[in-house]
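The following blocks contain the structures, represented as structure tokens.
Each of the two complexes below includes chain A, the first together with chain B, the second together with chain C.
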Partner chain A sequence: MSTIVIGLSMGMLLFLLAAGLTLIFGMLRVINFAHGSLYMLGAYLSFQIVNVTGNFWIGLAIAPIIAAVIGALMERIALRPVYDRDHVYQLLLTFGFILVLDEAVRIFWGLEYKQMYPPELLSGAIEMFGSSVPSYRLFIIGFGVAVSAALFFMLDRSRYGMIIRAASGDPEMVRTLGINVSLVRTGVFSFGAGLAALGGAAAAPLFPIELGMGFNIIIDSFIVVIIGGLGNIRGAVMAALLIGMTRALGYSYAPSWVDFLTFILLIGTLILRPEGLFSRKGRTA
Partner chain B sequence: MNIVKSTIIGAACAALIGIAGTSPAYADDPEVFKIGGVVPFSGPYGIIGKGMKQGAELAIELRGGKVLGKPVEVTWEDSETKPQPAVQKATRLISSGAQMIFGAASSASTAALQGITEQRKIPLLVTISADDKITQANGYRYTFRTSNTLGMEIRMAMEFTKAAGLKKIYAVGADYAVTRDGLEAYSAAAEEAGVEIIGVDFAPLGNRDFSVIIDKIAKTDADGVVLIVTGSDGVTFLKQAGQAGLGKTKTLFGPVLQDEVLAAAVGPDAVGAASGVRYHYSVDNPANKAFVEAYRAKYNEWPDSFAGEAFDGMSWFLDAVDSTNSWNREEWVKAFEGSVRENSVEGRKEMRACDHQALQVGLWGVVEKGEAPYPDLKMKITNVFQPEALFPECAE
Partner chain C sequence: MNAQRLLAFLVAIIISAPLLLPDGQGVGLVNAILIWSIFAIGFDLVFGVAGMLSFGHAAFFGVGAYTLSLLTMRMGWDFIPSLGAAGVVGGAVALVFSYFAIRVSGLFFALLTLALSQLIYIMAGTKLRMLTGGVDGIAGVPRPDLFGIDFYDDGNYYFFLLAVFILALLISGLIRISPLGQALRAIKSNEVRAEQIGFNVQRLQRSVFTISGIYAGVAGGLLASLIFYVGPQMLHWSTSGDVVIMVLLGGMGTLFGPILGVAIFEIMREWLSTQTSHWYGILGLIFIVCTIGMPKGIAGLIMQLWDRITPGGKS
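What follows is the complex of A and B.
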């Protein structure tokens, strides 16, 4: 039973790391290689804010907002001019963002590892099913559920979500209805950047904050996006939980096969349902 | 271009490359002594390069910036913690006249550098990479390692296991060749010592979630956990183990698990973790005191393992070069192999001629809370192992 709790926490953490990527990938059709760097930026910003204020929650709230502003600038200045060009330009551009963001982090914070702790309230562990489960892990499960629910309602039930989905599916039609599609795209990229940073801020107490940390999560994030289906928030949650559970059970019973099992899931999805295991025709959220 | 022309040009290029490749092992009287520093300033070991650079530069400064009566000029390049850039940059430095190469940090990058330095007959000074294969008997003529091997660190971990009275050990390793070899060596020594290995897990290099492994360990009756991981893997494990309270019931230790840099990244959860230590500023001898004083005066910080080892290796190598009074690199190799450094910052060191590995004491320590002027978390050296206990005879 404790393995299931740990699997849930691993899955929800994966979802938090991948949510921004699935949103940008699904809605803008932009493969944002800089997602990992924005995640890293979120962790560093959160570290800095916590260092100044001494409050974890302020870091968790403010870091994504700053990253969202940076994301909006990235989209407005660099990405917007290349939307109509071949996808390779977007790939090169987002790759360039990685170099810029990594260098900026190196200049501001240096190469040393930074550390962050869970807030006092969540610093202990709780005995569950014969295991000592860190409280922060339980928080991650709850936080992941809250973020996924908020995203789902925003994209699937709100007017803004309807506009985003419409702008993604038929931008010309939406433009003729008087909606500023460019602004919608800027908003989506900015929101995705903020989500990436939120993942970084939430993960900071669990991992060392270091310059290469973004690289470590980008492959996992893409696996979640592919298995879940492009832009499919419910799919991303399910995919993240599926991977989390696979890993939790794998580490328990067949540790040498964990990576193999994860990639089998990915390859199986690409062969059998390339649109994603949890996608439904005609919808993107 | 016809085939005859192509052949002639190709032959000419090949001849030029051949001439460059077989350039004499020394120049008569160069204006400067050029050193190529290929160390990581980025990538997983990016944090190591700064200390290596600072330590090596201080070694040069304290000898008046000269060797063989000529100024020393170091060109620093970023190995990016990858073998390919390391080789490309070392090749460029050698082409620009580097008399020796200093680096790298990861064993894979250092192994790659060994290929090019052997081919070009350029001394390679290794002060941090620990893979035992880097210094093998009758192996690489131009490679010298003045720092620890993983093998000696594994032996220290075993000595610690015995001294701490640990009887049941759970082993966790990063899943790559060097650490698998290390864990195999530890397991063999454990069996000999009557210590039971009750579980083994390998996690991918750069693993982000150790929670399942930690939960598995917590449910066993192991009294110790040997962690053959380093860098961010060690930091991640200790952070997550701390949140689950694993350190309260099990002794966490590893051959290269912690130093001040890594302990700072873990935070208070690092307290009590035991580890092999490459170098430490607290080693009580006149050479180390002078080095620490000069280092703190220049950089306003305590020297880390990477700086201390770099300082020691560079000072020793340049002293050996000076002793030859010659620009012939073959003379430098002969002078360095078999040389003894009585006044090393870690005590006596002897460069073994058979494999170019420095015989030296091994330091073992535990993380504890520090007070100003020391870092908040510092290593307390608890054991000093003698070389006889750490280095097997040179195999033929």
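What follows is the complex of A and C.
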């Protein structure tokens, strides 16, 4: 039982990152290498805010907002001038962001591990089906479900979601309709950055907060978005749960093979279905 | 004299610095520049000429370093055949990568090469610990033993590295002007058209990726012998990132640009790291500014300036 809970909670965290990655890719056609760094930044910011205010919930609320502002600045200052160029340049820019963000974290918080605890309310464990499950993990699952539900509602039902979907499909047409597509791009990038930091802030009490945490999770997130199909947010949900469960099962039964399992999933996907395991059948040509 | 010659002249000055400066000053720095240049020249064949952004070259670099170290230290091989083997193994790993990675293009190619190289990094740290020494790496990697020259002296080792470097530069120059180089440029500018003309795109891409892997393997082996050590850090993705920065900084797609990029990177590493411990972040800022402002790198900038100073005589 606890394996399932761990798997689901990991899947939810991965989904928060993958959703941002996939949204940004759909809108900007760029894969944000720095997404893991934003996740890490979220964890450090939340740690700092909790240290100052003593309240976990403030950290969880404020850290993503700060990251979203940073994300908006990144898009505005650096990415916007190079949209006309080959996509490789945008990828390279986001790679440059990793170096700068990691250095910023090193300057502010140093090299030591930081440790954070779940809030009082969620620090216990709950008996479920004969095994005890940390309630914070359950909270992450519930939180993840709530955030993804809100996300899907926003994308499918709201006016903003409609604009984002339309602008991903045909930015020129949307611009002709009088919508400021540049602003939408900034918004989506900023929103994705916020989601990554939200994931980081939520994950902060679960793992040691350290400089390498961004890169560890970004590879998994890449795997999730590729398996789910780039730009496909529904696929990302399934893929995130798949990878989360694979990791959790792997850790409890064959810890030294976990990384191989995920990579085999990735390589298998790329060979058999490069468009993603969960993409809907559809012909583009 | 045209801009191309000017670049060649600059490179010549940098790499012959130990001969020009009194008492062979800067030889340690130039040795590192020579080795990383071999890596960067090979990387640019894939990145600059064929237009494929790989984030997995650390794998070939690191595997070459481990190959040379293990063959010389455990198997008792001589240095030169071990260096050859480092290149062969680097190329072989690149060939295996290419079978997976060339199925996809563009951003996917970058991601897949990154993931594959990270797999090798993880393997070296865990599964292959018996062979690689895990996170501790292997210390005591030897240098060549030839003609009774003491290559443990950096001043002497410089000449050995210079010879390998010039060979690498010549081969790369030949590839660039060969039909293979032209075909690769055709693929870069329009893959579909190149395929329609009748080029076997995938085979050409695989070939150049493998050649690039050989370059990386040789460079990795040489670096291990320069610093007498090999560790998993050489396989880490940040090594792939470093070579991307070097090539882009210097000027992708040019013969001499990557070498200038390496020189600036290494000089900054040497100088800035004595000034501040945050040099890597500063490097990141410079990298971002260069990517936005001068996508053709320093080589592009120099050529532009040269054309402006010499009106009429456009190179």
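Note that in this section the second predicted complex is superposed on the first by the 269 of 285 C-alpha atoms of A that agree within 3 Å, B and C clash if a C-alpha of one lies under 4 Å from a C-alpha of the other, contacts with A are read in each partner's own complex, and residues count from 1 in each chain.
Heads up, the rule we're going with is that a contact is a pair of C-beta atoms (placed from the backbone, for glycine too) under 8 Å apart; a residue touches a chain by one contact, two chains touch by 3 or more.
If you're wondering where the values come from, they're calculated on a predicted model, not measured in any experiment.
Undergrad: Identify whether chain B and chain C fit side by side or clash on chain A in the overlaid structures.
TA: Overlaying the two complexes on chain A (C-alpha atoms) leaves chain C and chain B clashing.
Undergrad: Classify the contacts of A:I223 with the two partner chains as first (chain B alone), second (chain C alone), both, or neither.
TA: In the superposition, A:I223 contacts chain C only.
Undergrad: Mind working out whether A:S256 is in touch with chain B, chain C, both or neither, as first, second, both or neither?
TA: A:S256 contacts both chain B and chain C.
Undergrad: Based on the superposed arrangement, let me know which partner A:F152 touches: chain B (first), chain C (second), both, or neither?
TA: neither
Undergrad: Check the residue A:L91 against both partner chains and state whether it touches chain B (first), chain C (second), both, or neither.
TA: Only chain C; A:L91 stays clear of chain B.
Undergrad: After lining up the shared chain so the two structures overlap, which partner does A:Y160 touch, if you call chain B first and chain C second: first, second, both or neither?
TA: In the superposed model, A:Y160 contacts neither chain B nor chain C.
Undergrad: Counting only touches as set out at the top, which of chain B and chain C does A:Y83 meet: first, second, both, neither?
TA: neither
Undergrad: Looking at the overlay, what does A:L270 touch: chain B (first), chain C (second), both, or neither?
TA: It touches chain C, and chain B stays clear.
Undergrad: Which residues would you name on chain A as touching chain B in one complex and chain C in the other?
TA: Residues common to the chain A contacts of chain C and of chain B are 102, 106, 256, 259, listed in rising order.
Undergrad: Taking the complex as given, what residues does chain C use to touch chain A?
TA: Against chain A, the touching part of chain C is residues 53, 100, 103-104, 106-108, 110-112, 114-116, 118-119, 122, 126-127, 237, 241, 244, 248, 278, 280-285, 287-288, 291-292, 295.
Undergrad: Using the touch definition up top, name the residues of chain A that touch chain C in the complex.
TA: Those residues of chain A that touch chain C are 30-31, 78, 81-82, 85, 87-89, 91-93, 95-100, 102-104, 106-107, 215, 219, 222-223, 226, 230, 256, 259-260, 263, 266-267, 270-271, 274.
Undergrad: Mind pulling up the chain B residues that touch chain A in the complex?
TA: Contact set of chain B toward chain A: 41-44, 46-47, 49-50, 201-204, 206, 208-209, 211-213, 215-216, 218-219, 232, 235-236, 239-240, 243-245, 261-262, 264-267.
Undergrad: Given the complex with chain B, which residues does chain A contribute to the contact?
TA: Residues in contact with chain B: 2-3, 6-7, 9-10, 13, 102, 106, 111-115, 117-118, 123, 125, 130-134, 136-137, 205-213, 216-217, 220, 247-248, 251-252, 255-256, 258-259.
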